[in-house]
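You will see chain A twice below: alongside chain B first, and alongside chain C after that.
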Partner chain A sequence: MIAYIIRRIGTSVIVVIGVSIVIFVLLHEIYPSPARDVLGLKATLAQVNAWNKANGYDAPVIVQYLRYVGHLLQGNLGYSYAENQSVAALFQERVARSAYLSGMSLLLAIVIAIPLGIYQAVRRNSVGDNVATSLAFVTYSMPVFFLGLILIQVFALSWPVLGFEASQSTSVLTVMGDWHDMLLPILTLALITVASFSRYMRSSAMDVLAQDYIKVARAKGLPERLVLLRHLLRNACLPIITLIGLSIPNLLAGNLITESLFNYQGLGLLFFNSLSKADYPTLLAYTLIGAVFVVIGNFVADLALSAADPRIRLV
Partner chain B sequence: MALAPLQPVGLPPVIAEGGEVGPVQSGWRLALREFASNKLAVAGFAILVFFILFCFVGPLVYHTNQYTANLTQATLPPGAGHPLGTDDSGFDELGRIMLGGQASLEIGFFAAFIAIVVGAIWGAVSGLLGGAVDAVMMRIVDVFLSIPFLFVVLILAVRYGASVLSLSLVIGGFSWLFPARLVRGEVLTVRVRDFVAAARVAGSTRARLIGRHLIPNAMGTVIVNVTFQVADAILTVAAVGFLGFGLHYPNVDWGDMLSTGVQYQQDGYWWLIYPVGACIVLTVMALNFIGDALRDSLDVRLRRR
Partner chain C sequence: MKFGKARFGGMILAVAGVTALAACSSSGSSGGGSTNGSAITLPGGYGSVPAAATGAEKAGTITWALQPGTSPNWIFPVIPSADNSVFNAESFGWDMWVPLYWTQNGVTPEMVPSMSPADTPVYSNGDKTVSITMKSWKWSDGTPVTAKDLEFDIDLIKAGVKESPSNWASYTPGYFPDNVVSMSTPDASTLVLNLKSAVNPSWFTEDILSYAGPVGPLPAQAWSKDSANGPILDFTNPANATKIFNFLTAASKSVSTYATNPLWQVVDGPYKLSAYNATTGAFTLVPNTSYSGPHAKVESNFQGVPFTSNTAELNALKTGSVDVGYVDYTAVPQIPSIKRVGYNVFGMPDYGSNFVAYNFKDATGHFDAIANQLYFRQAMAHLEDEQGYINAFMHGAGDPAYGPIPAYPQSPYLPADAATNPYPFSVSDAVSLLKANGWTVTPGGTDTCTKPGTGAGECGAGIPAGTKLAFNLIYSTSPSLLGQQVTDLASEAKQAGVEITLQSSNFNYMITNYLDPAAPANENKWAMEDFGGETDNPYPTQFNFLNTGGATQIGDYSNSTANGLMTASISSGNPSAVKNEAAFLTMNQPLLFQPTPDYIWAWKTDISGEPSSFENLTQYYATPEFWYFTK
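Coming up: the complex of A and B.
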């Protein structure tokens, strides 16, 4: 087990290094230097070259990459000329709010998907199961923003119960308390997640129900409720653990579309604004951190699954 | 001398248990019959064909001017002359959906095609060569898989402009990773089979092995994956368009139309939003139906061997 972890960490580090090289070279290709942003559009080529030389942007790509990584390891994520702040400061403002949105929607998705999947498996092929499967299928095929638009129309415009714009507060605590504005973005993300989670949950629960130990438990006279709670629930949840691990990258990143739809000042919206302003230092830091989170997410998913399921031996 | 029949003459011939013995069904035909018997799959296929015809043949039948803006006709509700109303530049909405659909479908299919071709070749070569080459090729796949897909697509779309070709290349350029893994898995299973050894012994070159033996046998998984790739590509294009980085005026795609529609949601101009959204959902659903059914029918075929 320990040997596996060490080997896995080694591979992950190699992958992260590879990813960072690819992303850095790609963005460097697109945006070699911020000289024009600093000096203005009317700067002459000579001035640009001089600035580049003075600030180290004329060095070969590898040297610039190593320098960048050195900065990263010291916590310096670069400087955004478009926003006139360090990238780290920009992230820090918003990371808590993004984490809240992703975390809450993931939690809500799990709370809905697990009972739903179990219900579908226990009442297999009933009307309820078919309705739920069809709804899940439709939601799965829907782009996130369309689902958001429908929810806004139903709950915020036609029938004004909730707010159509997410909370603009800078304090995370106020955001957490503002369910009127936050419920729709959280619900949109959660429903999309439920669509795929419940599919896995349903098939996993159906597999578990076919197992012998369920039959034994029933034969022993265990009440059905306890059979479901004690045996089915624990065993059917294993794929969900993997899925949660794979959702970790979204804590940073994946809410780009939802945040822009609801105008929620999180990391996703920051990426969107940086794109529009061609703010490449932020884009670079963002993509790199996203990639690191993906690698960490995969690793955590594997570890968590092996911890939860003693039948899996990680070798 | 023929063997005497085992049953007395004069009685009706015994038919083997299970009914009539028909001709043996070959693999593809069997899969096709399974597919045709799945009602959802047939419905999905019909919907897909409908949308392809609607988007490409529709404009030949239903003429609208999609290139000259007419602001006096802007944002009209559905009514005379405009079955789905007009958008904020005065274009007929139904005609716009057809035009947008052309771009969305083209990008979807083209990106999936690139993804499958590149992925299949990469996976097949990697699986066949094995050893260190395989390890390196798969590590490269892992590295690219760790790159957040949507971000890089957006960055490249912003930088290199959005056109049908560039979006297809960018989306396809990141979607080939999953088919590569799938094909490699299939190739690893197939290459230990006897007919591959026989072909090798007969002197077949590696290229011929890949093209003639390995890839056709991995086709089942590949075809299932293609349909899901198209569905994902259409959703990605819609997302990129929705964020405003898709095709620009006067070209249009469905995501771009939705992003315009959002601005008018509070004014109640529902015809700018729901018809387009419904088209996206129906097309993706149709593709998912087809993909699921293909996966089921090909699995059954394998099980029956």
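Coming up: the complex of A and C.
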């Protein structure tokens, strides 16, 4: 196990390095330097070249990359000329908010989807199962902005019981306590996730219910509640564990549309604004951190799977 | 998308006889407010502006919606190119440090003497000497605003551009402040500028001394140092000025300290900053009780509230959660529902023009030669259905523009030939022009030059026989209006056999890669491009934009007659010289001018004030010092 973890860390580092090289080179091709952003459109080519020389942007790509990596290792993610702040500061201001929104919606989705999927599997082809399936298909096929707009219209405008925008506080603790304003954005993300998670759970639970050990447990007279909790739940959750692991990168950036819709200053919106402003230092840092999150997410998923199912051995 | 107002152009000196924003001081009385007279409807405007309510005037906190991505991120009034935008200047900075001459009266670009901290400048010595007399205004620390404070600003600008031309967005080498030979302060309130050569008085004031810079007094007694606790330095020493400039620039880059840094608390404008959120860009301005200019009897706090999308802001209006907000032109059909919540609504296009630029250097398919033919540009203008665009894409909330000075908002410099369309929409007229100039027109196909040559009825110089009238047009995908307009243009053009291949892109990529001066290597990659437009200065000369070699040229338009007229605009003694320039450019069509959508604003019905203070919202100006609550 230890050897596996070490090997996995090693390959993860190689993957992240590879991603960083590809992204850096690609962005460099599109955007060789921020000189034009700093100097303005009236700057002559000579002035642009002078700025590039003074700031190291005339060096070969490999030299610039190594310099960038050196800064990264010291926690320097670069400077955003578009925002007049360091990239690290931009991230720091938003990461907790985005993580809360993504994390809460994921948690809510899990809490709803797992029992719903089990119910649908146990009561398959019943009225309840069919209704839940229909709702899942409708929700899953709905764009997130459309679902959000419907929820805002119903619960914030027509029948104003909830806030039309997310909490505007920059303190994540205040945001966490503000259920009135956070419920709709969390629900918007959660419902889409419930739709897909519940389908996976239903399918997986149906497979487990067909297993011999379930029949044996029932035949031995074990209460149905215990059959489901002790034998069905853990075995049927394996696909969900994988999905949760793959959802970890969303903690970083999966909420762009929701953040735009609910006026929530998070990382997803930062990414979008960076794209539209051609704020490449921010984009570069964002993509690299995203790669790290993907790698971590996969790793965590594999470890969790191994812990949940002893038949899976990590070698 | 428009450039910010950073465009070097002329400034014009005061236009007399304006109905300036006056100090509001209606007699107080108990009870709720009532309108005094009917609402004001302006030509070309959308909606109307109610007259100022009489009766009780109450203070409070007025919340104001900030568009996505427009939160201010620069506070030092000497604004560098990288941070130049109307949102850092007119809608934020100018509430704290007033430009020398205020040149926006409602929707009309004209000087407002009462809001200017200096008297109308006096030109002498053949328009080579400018005498500026400061009024008896005060800084918020109680010290008087003097001519030295204005000299301080100019010295800082000089120091900044000496280090790098981009340190002042309005700088063009050879012009201000390079053309200032010397400055003197014969007394505490007078600054005299001696210039290298004569300037057009109208141009010099509105573009240089106020708007485009801006140029305005800065608190030398508090800012003339090179460290937070350092001594006050003599800024007239260039070495000191450089140190001071670098110190103030560094402070301005520290966005998280805007509300706490004591530097930024010394203001002469109606407001000072009390809170600023570096994450969201939200800010709170509180009244400067020492403000010497005109304002309402009671002044309210003013809060900028950022929004992440137009949809989120529209929801805020629908719930009445923001006092003053904008209405995107795509949401015009929802205005009745906004009004029902309790808002007044008014819109007017921004003073400027949207356009599609020609690339006069693109040799692909001989487009450079084609674009240089006036008849071709006239034909393209005939293919543009401006009123159709306004009706279909802007829901009727827009106005046409036929030249560099738009028809609306009305400007005293609008030439007669730009008030109506000199090239009205007509595919048949476009076809006639092409046929009359040597082209075989193939409707639905591609026109071909069949009569090459430079004589009458021939295609023109540099266009060989067999040349196809086919080229590309690159457009920005944001806002969607641009794509809608050029798609229609391409469709109409096809009927005249003009084959336009549309390519989508984004604004930042286009201004980096498809500007001839900035990216000469890409000269042959684009024939026409549409990224929005530009805002005009109050004296709307196109000098530096359309003159040969102008610093902000896009497609290298070059015309000797235009050059002469633009030069006259900035250097002749005729205060209306720009009218002749605009008249020529309207007919010569250096750009394919397009209509401009109304910039629409909504404000709650219980907020009142001088009508022009609401009108100028449409021009990106925020003057909340004139607003008050009526309940």
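Keep in mind that, in the parts below, the second predicted complex is superposed on the first by the 315 of 315 C-alpha atoms of A that agree within 3 Å, B and C clash if a C-alpha of one lies under 4 Å from a C-alpha of the other, contacts with A are read in each partner's own complex, and residues count from 1 in each chain.
Here, a residue touches a chain if its C-beta (ideal position, glycine included) is under 8 Å from a C-beta of that chain, and two chains touch if they have at least 3 such contacts.
Nothing here was measured: the structure is a model prediction, and the numbers come from that model.
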Overlay on chain A: chain C relative to chain B, clash or fit: clash
Which of chain B and chain C A:260 touches, first, second, both or neither: both
Partner chain in contact with A:294 - chain B first, chain C second, else both or neither: first
First (chain B), second (chain C), both or neither touched by A:149: both
First, second, both or neither for A:211, with chain B first and chain C second: neither
Touching partner for A:39 - first (chain B), second (chain C), both, neither: second
Touching partner for A:55 - first (chain B), second (chain C), both, neither: neither
First, second, both or neither for A:278, with chain B first and chain C second: both
Contacts of A:157 with chain B and chain C, given as first, second, both or neither: both
Residues of chain A that lie at the interface with chain B and also at the interface with chain C: 149, 152, 157, 164, 260-261, 276, 278
List of chain A residues in touch with chain C within their complex: 36-45, 47, 81, 83-85, 89, 93-94, 149, 152, 156-157, 160, 164-165, 168, 170, 259-265, 269, 273, 276-278
Parts of chain C lying in touch with chain A, wherever the complex brings them together: 6, 8, 68-69, 73-74, 80-84, 164-166, 169, 171-172, 252-253, 255-256, 277-280, 282, 306-309, 311-313, 315-316, 318-319, 321, 478, 506-509, 511-512, 515, 517-518, 520, 551-552
Residues of chain A defined as touching chain B within the complex: 14-16, 18-19, 22-23, 26-27, 30, 137-138, 140-146, 149-150, 152-153, 157, 164, 249, 253-254, 256-257, 260-261, 271-272, 275-276, 278, 283, 286-287, 290-291, 294-295, 298
Footprint of chain A on chain B - complex, ascending: 139-140, 142-148, 150-152, 154-155, 158-159, 231, 235, 238-239, 242-245, 255, 258, 261-262, 265-266, 268, 270, 273, 277, 280-281, 284-285, 288
